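In the two complexes that follow, chain A is the common piece, with chain B as its partner first and chain C second.
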Partner chain A sequence: MIRPKRLGMTLAHRAAILLYIAFALFPLYWLVKVSVTPNDLLYSEGVKMWPSRATLDHFAFVLEHSDFPLFFRNSMIVSVSTAFIVTLLSSIGGYALSRFTFRGKFWIVGLMLLTQMFPLVMLIAPIFKMLSPLGLTNSLSGLVLVYVAFNVPFATFLMQSFFDGIPKDLEEAAMIDGATRFMAFRQIILPLTLPGMAATLGFVFTAAWSELLFALMLISGVDASTFPVGLLSFVSKFSVDFGQMMAAGVLALIPACIFFLLIQRYLVQGLTAGAVKG
Partner chain B sequence: MASIDITDVRKAYGSTKILHGVDLTIQDGEFVVLVGPSGCGKSTLLRMIAGLEDISSGEIRIGGRVVNDLDPKDRDIAMVFQSYALYPHMTVADNMSYSLRLRKTAKEKIAAAISGAATKLSLTPLMERRPKALSGGQRQRVAMGRAIVRSPKAFLFDEPLSNLDARLREHMRGEIKKLHQDLGATSIYVTHDQIEAMTLADRIVAMNAGLVQQVGSPLDLYDRPANLFVAGFMGSPAMNMFEGTYRNANGGTVELAQGVVVPLAGPAPTADGTKVTLGIRPEHVLVGKTGLEGIQALISLVEPTGFGTILHASAFGEDVKAFSLERGVAVRGDTVSVSFPVDRIHLFDTATGSRIG
Partner chain C sequence: MTEAVSAPYGRDRRPFLRRLANASEPYLYSAPALILIVTVMLVPLVIGISYAFRDMTLLDPFSGGFIGLDHFRAIAKDKTFWLALKNTVYWTGYSVGLQFAFGLILALLLDKPFYGRGLAQALCFLPWAVPSFLSGLNWAWMFNPVVGPIPHWLYGMGLMSAPDNILSDPDLAMWGPIIANVWWGIPFFAITLLAALQSIPRDLYEAAAIDGATPFQRFRSITLPFLAPTIAITVMLRTIWIANFADLIVVMTNGGPADKTQIVASYIFTQAFRRLDFGYASAIALVLLMLLMIYSLLIVFLRQTLLKER
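So, the complex of A and B:
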């Protein structure tokens, strides 16, 4: 039997969560709503929660008559490569920061922190100047390179904190059992860090997927445009084609959703429970 | 199985010295317990034997071979950690077979080894479970099983029972002792618990502040502690210690505070007037009715343990602890007489801390 007071508290608690979720998801809902609203109803119906007539025309147009599939492919290549390269580098780096003491560690960490302090806008000109003679502007690999460089420091700190959470005893036990340090890392520590790696992967993927500033500045041709840059092409000098833009936005959400569905099982923590006294 | 020789082993982290030169020889098949308060360097020494810490100077040999620069995996030792350090993503069977799989042992041999260990430790019904589905005692047994499957040269135990509750600790203590009697393996066991040290060890190495204080059989350390540290560390309730002055007159006596004079069994090999510390274990203090020969004391606290009674008595400005197996010897506020049997008295030089005689 739940006492009325506790029931009231529980209800209030749930209502607060519900309110927050509604608030957070409302823009998403609006995105979907506009993407299925026919152009003739967009301005004529006023503010309505759902159009009187829904259509998939915008989606069809975006997929068949725009460069969106190309942008989409470019974004995929850039984001997936960035996510995997960053996760690999930050896992190795994070492990080193977590487990080893070495000369210059303090300064390396300091420098890594320093890279996080500048507003990116300040760095665009010098980066453009550097990449241009190397032929890396207007190319996907140039973009990947820049994204990796800017994501590695933060991801390394993230991974370091995951490694810090795994008791040192485990790899010591493995080394006494007959493993080299690298084998202990690969067979014992890495499987336990999967949630951390999934989180890093997801974090970097989304960051690269939605990055606009560098993509806009470093890429000028349609061939190498990523999808955030492509979205801007729906804004012309005289009008904004909201319906198509939102349809493209909805489509762009799909890979991010699929990606998180794939890694969500690793995001759930608790894999290390039972390793040491718990 | 192998012997372990430790020669002048030192450890320093930068300018902080942890071990100041340890010499120790552990015989093949011996069970040696390193005991001491936390921070005394016992765990560091064990980890140096395991190869988990570098040796700053000195030499460690396992089975005659110098292992200073060998990786842990090449030393052929097994270790049980305080935290158990079970691999959480592996089943009990996989945890136990990991070392054998790394050595590419044949499948049939692995199966035989782990089923043998499982039987010995009654783990057979748990073999497919993950560590998180086990209780503390079961995890402890898996950690032991992981150590015994591959018959290493030596077993190292780093406070393996500290995380268990009192009852289970007592039980596992017995299991470890039995296991050692079965396997006859060279074992080094680190603990801060002097009961564990007393019950398990063939030989105890008492350590303090990075130095070995005394090496000997458990009863040796208990009956003839080499210095004040060992005297105070071994035994519970702890030994009574009173500072005084040694007098050669009357066949050797110690003058304590307030003019109390305690006779000794005979003259001690030290100069008249030396500042000494007189030690006597609580169970050796005799408590009797007033009027009898002895020192007048006032009972200030009575602690019944069920097994016996700990009496605290105030005499000559000190707190004298006495342990009696009998109940109802005295109640708080009683005036009693306490006396120290001459053959039970330990004498230490207060300045150096070492035993006299």
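So, the complex of A and C:
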């Protein structure tokens, strides 16, 4: 039997959830809506919830006649390489922090915490000055190098919390049976941390995909522009064509959302592990 | 603790090389990450601090000399800097406050089991996956009366005298980036707080309910004390992070109109990126770093005193 008061609470709860979902999704819905509105209806039906005619012309134009496919490719290269390199480095680094007690560990953790505290904008000028003589400005590898370094500290802490959740007995048993630690790590521990690695991979991919300020500073040519840089220069150059800009925006949104939906469950688990400890 | 470190060396009969390999293992594992952090973050940080005391303009071959505290004297007289500092407090305070309040409500809503919770959770957290530059652009478009609905709604409700772009209204412009930031950042607080909520033992609530505690009493005496440590640490970290977060401002208003939305972080970026004045940019960054450190120390100190009083 459900008491009326309880039913009222339940209804209020569901309504609040729906309200928040509407708030969360509306801007994204609007982005999609404008991107499929034909130009001649853009102003006359500006505030309507859905245009009377929908078209994919803006997408076709952006894909065929603009530099966005190039920006998309550049961003993909940068984000995927960053994500894989960071996951690799943070897995072994996080394993070391989780399983060993060694001299200097305190300072290493302190150093990594420090990198999370200071304003990254502070590094824009010196990094530009350092990378420029090495030929790493205006290059995708320079961007990957910078992004990997920025994301490694947090990813290492994240991976450490995943390793902490795996009992030590597993690899100790394997080592008694004659495996080296590295073999035990690779064959027993790594497969168990795959969800954690997926979360790290997704997290870093999204971070690299979104990064704007360093990309703006380090990249000046069209050839090496990432998506944010391309979209922003598009905005300042042709501020009139909203349909095309929003179509490009939707394209930028797709990879980030796919990654997010795949990993969000692991991400909540991962942060749970981190939060419980912290 | 591993055998390599814990085993007393005197009785260890394994060959020397093997022992050396074992002892160096943790260093080998953490070395790649560490080397990168030092070369790409720590070295530039030190160089950046040195720039603050030098006349450093890109493209100017005669720059680079030490000028002592000149930049800091200029900052003290720089009206835009003081305005930006005021705006930073405003921007950070409202963003963190609103993100936290709504994040807590969302976490409490999602903590109850209900049908379709997994899907609801994924949808609620989706804004977090939207790249920051895109959420900035998207909200800038929403505020634009040409393609966005918000000015028309506000006009329809009688809150605005004409459907204008609030991003170009000097008095209201700051609310544009703040709203975009709140929308984008609620999931972060919700995720962390939800994680903390789920670690509270359920039997505590049951026991309290049996003793006749009202839901509000349960929230105050069980939930809040359990959440307090998480709240303290996330609010502190998030405050620092948001004070440094220039993306939304750079994308949405570029500091305008008339520097009304310029925060210190976006001002640093403008100095480095547009004026190529690396020295001045680094000096402002150093001031920001100092202020944030004072803030963190204050919070830590406050926490210690509060803990002692308990």
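As a working rule, the second predicted complex is superposed on the first by the 234 of 278 C-alpha atoms of A that agree within 3 Å, B and C clash if a C-alpha of one lies under 4 Å from a C-alpha of the other, contacts with A are read in each partner's own complex, and residues count from 1 in each chain.
As a convention for this text, a contact is a pair of C-beta atoms (placed from the backbone, for glycine too) under 8 Å apart; a residue touches a chain by one contact, two chains touch by 3 or more.
Since the structure is predicted, the reported quantities are computational estimates derived from the model, not experimental observations.
In the superposition on chain A, contact of A:M183 is made with chain B only, not with chain C. Counting residues of chain A touched by each partner, chain B versus chain C, the larger count belongs to C.
Look at A:P133: by the touch rule set out above, it reaches neither chain B nor chain C. Touching of chain A by both chain B and chain C, each in its own complex, is seen for residues 271-272, 274-276, 278. Contact residues on chain C toward chain A in their complex (touch as defined above): 1-2, 5, 22, 25-27, 29-30, 32-34, 36-45, 47-48, 51, 56, 58, 102, 105-106, 109-110, 112, 114, 118, 120-135, 137-139, 141-142, 145-149, 152-153, 183, 186-187, 191-192, 194-196, 198-199, 229-230, 233, 237, 240, 243-244, 246-247, 250-251, 265, 268-269, 272-273, 278, 281-282, 285-286, 288-289, 292-293, 296.
Per the touch definition, chain A reaches chain B in the complex via residues 167, 169-170, 172-180, 183, 188, 191-192, 271-278. By the touch rule above, chain A contacts chain C in their complex via residues 13-14, 16-17, 20-21, 23-25, 27-28, 30-31, 34, 42-43, 46-47, 89-90, 92-93, 95-97, 99-102, 104-105, 108, 111-112, 115-130, 145-146, 148-150, 152-153, 156, 181, 206, 209-210, 212-213, 216-217, 227-228, 231-232, 235, 242, 245-246, 249, 252-253, 256-257, 259-261, 264-265, 267-268, 271-272, 274-276, 278.
Considering their complex, residues 50-52, 71-73, 75, 77-79, 81, 83-89, 98-99, 102-103, 130-134, 136, 139, 146, 163 of chain B touch chain A.
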